[in-house]
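Chain lettering (A, B, C and D) follows the sequence in which the chains are written, and residue indices restart at 1 in each chain.
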Amino acid sequence: MSCAIAAPLSDADATIQPMPDASPAKWHLAHTTWFFETFVLRDHVSGYRPHDPRWAYLFNSYYEGEGERHARARRGMLSRPSLEEVLEWRARVDEALVAAIPRLQPAALDLIELGINHEQQHQELMLTDMLATFAENPLLPAAWNAAPRAPTAVPDQSGWIGGRSGVVEVGHDGEGFFFDCEGPRHELLLQPHAIADRLVTTGEWIGFIDDGGYRRPDLWLADGWAWVQENGVEAPLYWRRSERHWLRFGLDGLMPVHLGEPVCHVSYYEADAFARWAGARLPTEAEWESAAGAFETTAGNQLDCAGPVRPRPQREAQLFGDCWQWTMSAFLPYPRFRPAEGTVGEYNGKFMSGQFVLKGASCATPRGHSRASYRNFFYPHQRWQFTGVRLARDL
Amino acid sequence: MSCAIAAPLSDADATIQPMPDASPAKWHLAHTTWFFETFVLRDHVSGYRPHDPRWAYLFNSYYEGEGERHARARRGMLSRPSLEEVLEWRARVDEALVAAIPRLQPAALDLIELGINHEQQHQELMLTDMLATFAENPLLPAAWNAAPRAPTAVPDQSGWIGGRSGVVEVGHDGEGFFFDCEGPRHELLLQPHAIADRLVTTGEWIGFIDDGGYRRPDLWLADGWAWVQENGVEAPLYWRRSERHWLRFGLDGLMPVHLGEPVCHVSYYEADAFARWAGARLPTEAEWESAAGAFETTAGNQLDCAGPVRPRPQREAQLFGDCWQWTMSAFLPYPRFRPAEGTVGEYNGKFMSGQFVLKGASCATPRGHSRASYRNFFYPHQRWQFTGVRLARDL
Amino acid sequence: MSCAIAAPLSDADATIQPMPDASPAKWHLAHTTWFFETFVLRDHVSGYRPHDPRWAYLFNSYYEGEGERHARARRGMLSRPSLEEVLEWRARVDEALVAAIPRLQPAALDLIELGINHEQQHQELMLTDMLATFAENPLLPAAWNAAPRAPTAVPDQSGWIGGRSGVVEVGHDGEGFFFDCEGPRHELLLQPHAIADRLVTTGEWIGFIDDGGYRRPDLWLADGWAWVQENGVEAPLYWRRSERHWLRFGLDGLMPVHLGEPVCHVSYYEADAFARWAGARLPTEAEWESAAGAFETTAGNQLDCAGPVRPRPQREAQLFGDCWQWTMSAFLPYPRFRPAEGTVGEYNGKFMSGQFVLKGASCATPRGHSRASYRNFFYPHQRWQFTGVRLARDL
Amino acid sequence: MSCAIAAPLSDADATIQPMPDASPAKWHLAHTTWFFETFVLRDHVSGYRPHDPRWAYLFNSYYEGEGERHARARRGMLSRPSLEEVLEWRARVDEALVAAIPRLQPAALDLIELGINHEQQHQELMLTDMLATFAENPLLPAAWNAAPRAPTAVPDQSGWIGGRSGVVEVGHDGEGFFFDCEGPRHELLLQPHAIADRLVTTGEWIGFIDDGGYRRPDLWLADGWAWVQENGVEAPLYWRRSERHWLRFGLDGLMPVHLGEPVCHVSYYEADAFARWAGARLPTEAEWESAAGAFETTAGNQLDCAGPVRPRPQREAQLFGDCWQWTMSAFLPYPRFRPAEGTVGEYNGKFMSGQFVLKGASCATPRGHSRASYRNFFYPHQRWQFTGVRLARDL
């Protein structure tokens, strides 16, 4: 699917880095290929010779154990290799993997599974970074053309799902694939609480804006208020005010904001301020995860095929899909957490400061990728991902 | 005691702001005075007229509810009013408070208690900010002269205190004074663990340095490693290498590092890297707080009178004093936390993102100020406070 | 020729902006097209409709009179329109120009001549910006492959050309095409002096490096020394030290530095420091211009066709070609200078502060573009152009 | 007089550095003392021992030849030594100088003369930096109280002084004291021109403001327009709009702008834009210097004694006093310029890039310090000096 996501992109589209947080589409394609070539083929297939040894320097992301690498903020300087060359490399690596699989040891097969999950993460990032790229172009090109949509019905007032309280278990139990940070499974104590049965909508968010939400410091964390002031924030990312209503830019271009859709592209600061304004709060990670047991992880609006994904009105209670949901929990290690061995262990543990956990899955998450125990994480000011808000409250 | 702390300072010493995080001593004195004048005298004593209405603009720290204020990073521009004028203002406000107390309502008396605790916090900050100020002067002046110290005996290997596991209660129970963020008291679940019976020493830290601790990315969080690289960090703050040994600058001037003392002025990033190097981890806030029940909060090396305070060798198991201790817990709200009403409610809640909790008390904390439930908090890169390290481990 | 220069570029190559000072190749192509479309076709050909009215916003460089425009530092965000679309637009505009010429008024014909000269400037910039772009890629791709070169003979010690002294005339006399800033022609007084008959060579520059030239503050202007320190400068731009000798990156890729070639890609600061080290000085603009009268402006190593241009050993006295030559004259208006009328008058006059004049022409200057009166100008720290050094001295 | 200038300052006032360009008053006092102690007493008086050898590090400004020094931007961190200690040191150095003079060699006496002129420069800087310091304090303290002034009569339309044309001589002829950059005296050619017989007034400047002068890019140099946009400039420095009229902050506090006074605290960019708006231009350095021969250098509003100096209405033609006057000439070396030998030769020559020459003298220039050949210089954006505007035009 990675290639399908890149399909609407020209070589130039795939080369641009819109900001240091985001990477060029070509870089994503090459990096995930490098991951397989390095950790599987180079390390486990005798005689395999890397396609171009200089590319490791270009496409290593942040694995200190793999040596020096190109500066993250300069990934947009790589017009060479071209998109076509990267796709050819990719095809060759895929072929070599397929040929090798029958003879691979379990450890190498585990790395392939890890590589696939790693690639799924980058598929989502490709979509969000493509959006960030096109948003920088004053022509506002659509990645994919989509039929104009009729305004949708506005969902009812959201309901509340009563949460479990007392001692519960969270974290992954070790069966099947999971990232190291999802475990170990452990007990903790929940207080009486409820969690909303749907995401906050754009209509509700416009209420927040119209009530002066972005101009009232009492609603904001101190860091959040400083962020609002410095960046002149007055709406979700990619929104722009037109004369009569709000527009939002997406993979389908510039479109009116439809009131029934989940609000998207908001930061933790905004999510937190909105919750305070609404007299509620964000859920904790454990509350969310505990509630998620009752839901189908593969249901909802998630990524099935490349295209102009976007949040869509939620017609029934659902925890997965549409938007990643900010929790009020910091991304920190679970009790007895140990990073995976070796270089691939640099994958999650070293990011455990300053970030918040997001749960669920978004419209850009490959269906099947997420789990109740899945821990996504971003800094509280970041909002170029498909990030939204689910409220919670104490009982 | 605030005035005693300022005693060794000239008007110029008290005016300098060494960095945006720290404030001039004069500003601390004026700000705490403003707190009493504003929230007690102005709001609760009819007919009281502020000494100079323009000073509110200068000495409000961050209370959005109290209106516009001088930019934090420009606090060092205030040569006027002079230290002497501020001290006179202070005396007058003190006098007015004493005169008013007999007729004050309980709400106002509560504000006085809050103001006193607020002032105690600023007494500690005055000491740390004075140190930061003098450290900027190439002459490295001592705030107070202290007799040279004989090297001290190095404490034994630290022992481990077994912690409680299962459901425990933490947080303040509401009896006596506490800051809003310390409550509500609530239950949570602890895993089996132990906590060190003393702080990490300078001798142990030199072992970390000598083992390449500051040059091995595998020991560091990603944000921490970036911080090390950008700032060229290779030792705790205020340390400098001399030909034969390490020196450290303190309120008593430039002195040799004595090996038995607790290491001080380290960031969360350093504390976390050291713990990883030592095969241990930092305690969680709840583990620390649960262990603290067995200790006397007013014992240990804390602030009794103004002077060249510094960490001293710990001869017996003690949780309070010498250094604030980084925990691996983010500073986030407790279940059902509600900020205090009114402007003073801007005191803690709005800082609940991106920071870590420190527990205990330092050699610069006025004795009696801290509690087991006390939640100090700083960003993970900050280290100009008296911050040290206590290890913990899983059982 | 602009299209030939772009011939080796992929769409992605042509989209990258390596730094705010430089522009993407595609942008250069589009900007020069916009210049013709706007100032000639739109303004002088009735009924002409701009190809895409939104493109003016993208491709206006700095003409305030033409309205808002895309931020200069974000020119690298424009993957759309593609290189192919820009080339098609260009062809259409060319066609429209050719069709229109027979009926154009003299004023419009003057604008075409201005547009052609403007385009020649951008042809040189395309080459320098392509070089800057490829230099950012760790793979160091060559724009054009060139046959390996045999090391060249080192020229003799440079000789000195005695300059005229007394009252001389400089500046353009108004016959034929010239930029507004080149006039009016006027008299000024020259002191007795001589000017070197060739450019400083790489071999001489290595002597400067080996003598500690980049480490001796006494050789540098204060701003230059600060620039050296902040940027860790220790050689001309694009040079890198290998084990045995110096290499330099050029449009022909990474090659050894040959000692007989003119040194290139040096800043004014470096040129000035070198001259001081050599016991000489840089020429003034008038000294240079006065000497240039004896030389053929169209001789020497200048641009004839697209390719891997580079400075080449100078075998005989020559003022034009190889490298633009820093003078010690600031770029300021000549007596009675008046900018051209209208928006095109924003072309030179508004840059008259903080920059130095360069004279001559470089290996990347379209032959025929330059004149003795030509005034090129850059800031003293800039060196991504083909900039070199000619010495002068007092007699 | 330096001490008299510092008289109204507290130790704290004298310690603050309001911005990197400006220095604390105490630093100025110490630096000029260091200059005498180092270059005269240390180098020419055998047996002299510097008062405190560590102070050289603190109070060396930029003399690379004298070794490492405190970072310029951190001069405001020096609360120690105190103002009193600096003044005592100063008295001792003065005493030692007086005692030594009878036995000093001519070279040392020349250094004393240089030191006195150097100190006069710093007296002016002390006044401008004090003003910058107090301007940072929201209380806007006056350095000296001054009697309120009656509005003054507005001068007539300025007249024009016809300038000499043809070959003239400029530069210092070497008799009496001068700075190295003022010579050698040399000939150059002037075009027919005239120069205004007084400075531009605040009333005329308000006309510029009211005509949209700060909002019209066509009036500005490109660098100037960027400076206006980035800094939100809309009036001279220290001006603020009140409801009914303009106020300006000065050493006498916040006062109404009186319309007859010369406008002050404007940058080169502003001076240049105003001149363009007025249909005139700035004079060249040579035009100014040539005209100055007819005027008494010691007349006009210059500094006689410490106090709240400010520009005053000019009632008759005068070239010196009130404000330094921007010329359109870059600060570059005169033909055959050689810096003075030794460390003191770092005084002027190394600043010869990027700056413009100002001529005349201001209300803060010690009377007798300036000359027709005097070359003051600042960057085009700087305006915290007493800088004003005199117009010129071609004939």
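By definition in this document, a residue touches a chain if its C-beta (ideal position, glycine included) is under 8 Å from a C-beta of that chain, and two chains touch if they have at least 3 such contacts.
What you are looking at is a predicted structure, and each value in this text was computed from that prediction instead of being measured.
**Student:** Farthest from chain B by Cα centre, which chain is it? Let me know.
**Tutor:** C
**Student:** Approximately how many whole Å separate the CA-defined centres of chain A and chain D?
**Tutor:** A distance of 57 Å separates the two centres.
**Student:** Between chain A and chain C, what's the gap in Å when you average each chain's C-alpha atoms?
**Tutor:** 45
**Student:** Rounded to a whole Å, what is the gap between the Cα centroids of chain C and chain D?
**Tutor:** 37
**Student:** What positions in chain A touch 2 or more of the other chains?
**Tutor:** none
**Student:** Judged by the touch rule stated earlier, which pairs of chains are there in contact?
**Tutor:** A-B, A-C, B-D, C-D
**Student:** Across the complex, what residues on chain B touch chain A?
**Tutor:** Interface residues on chain B, with respect to chain A: 62, 64-65, 167, 186-189, 191, 217-218, 220-225, 268-269, 272, 328-330, 332-333, 335-336, 346, 350-354, 356, 380, 394.
**Student:** List the residues on chain B that touch chain D in their complex, please.
**Tutor:** For chain B paired with chain D, touching residues are 10-16, 18, 54, 57-58, 70, 74, 76-83, 133, 136-139, 141.
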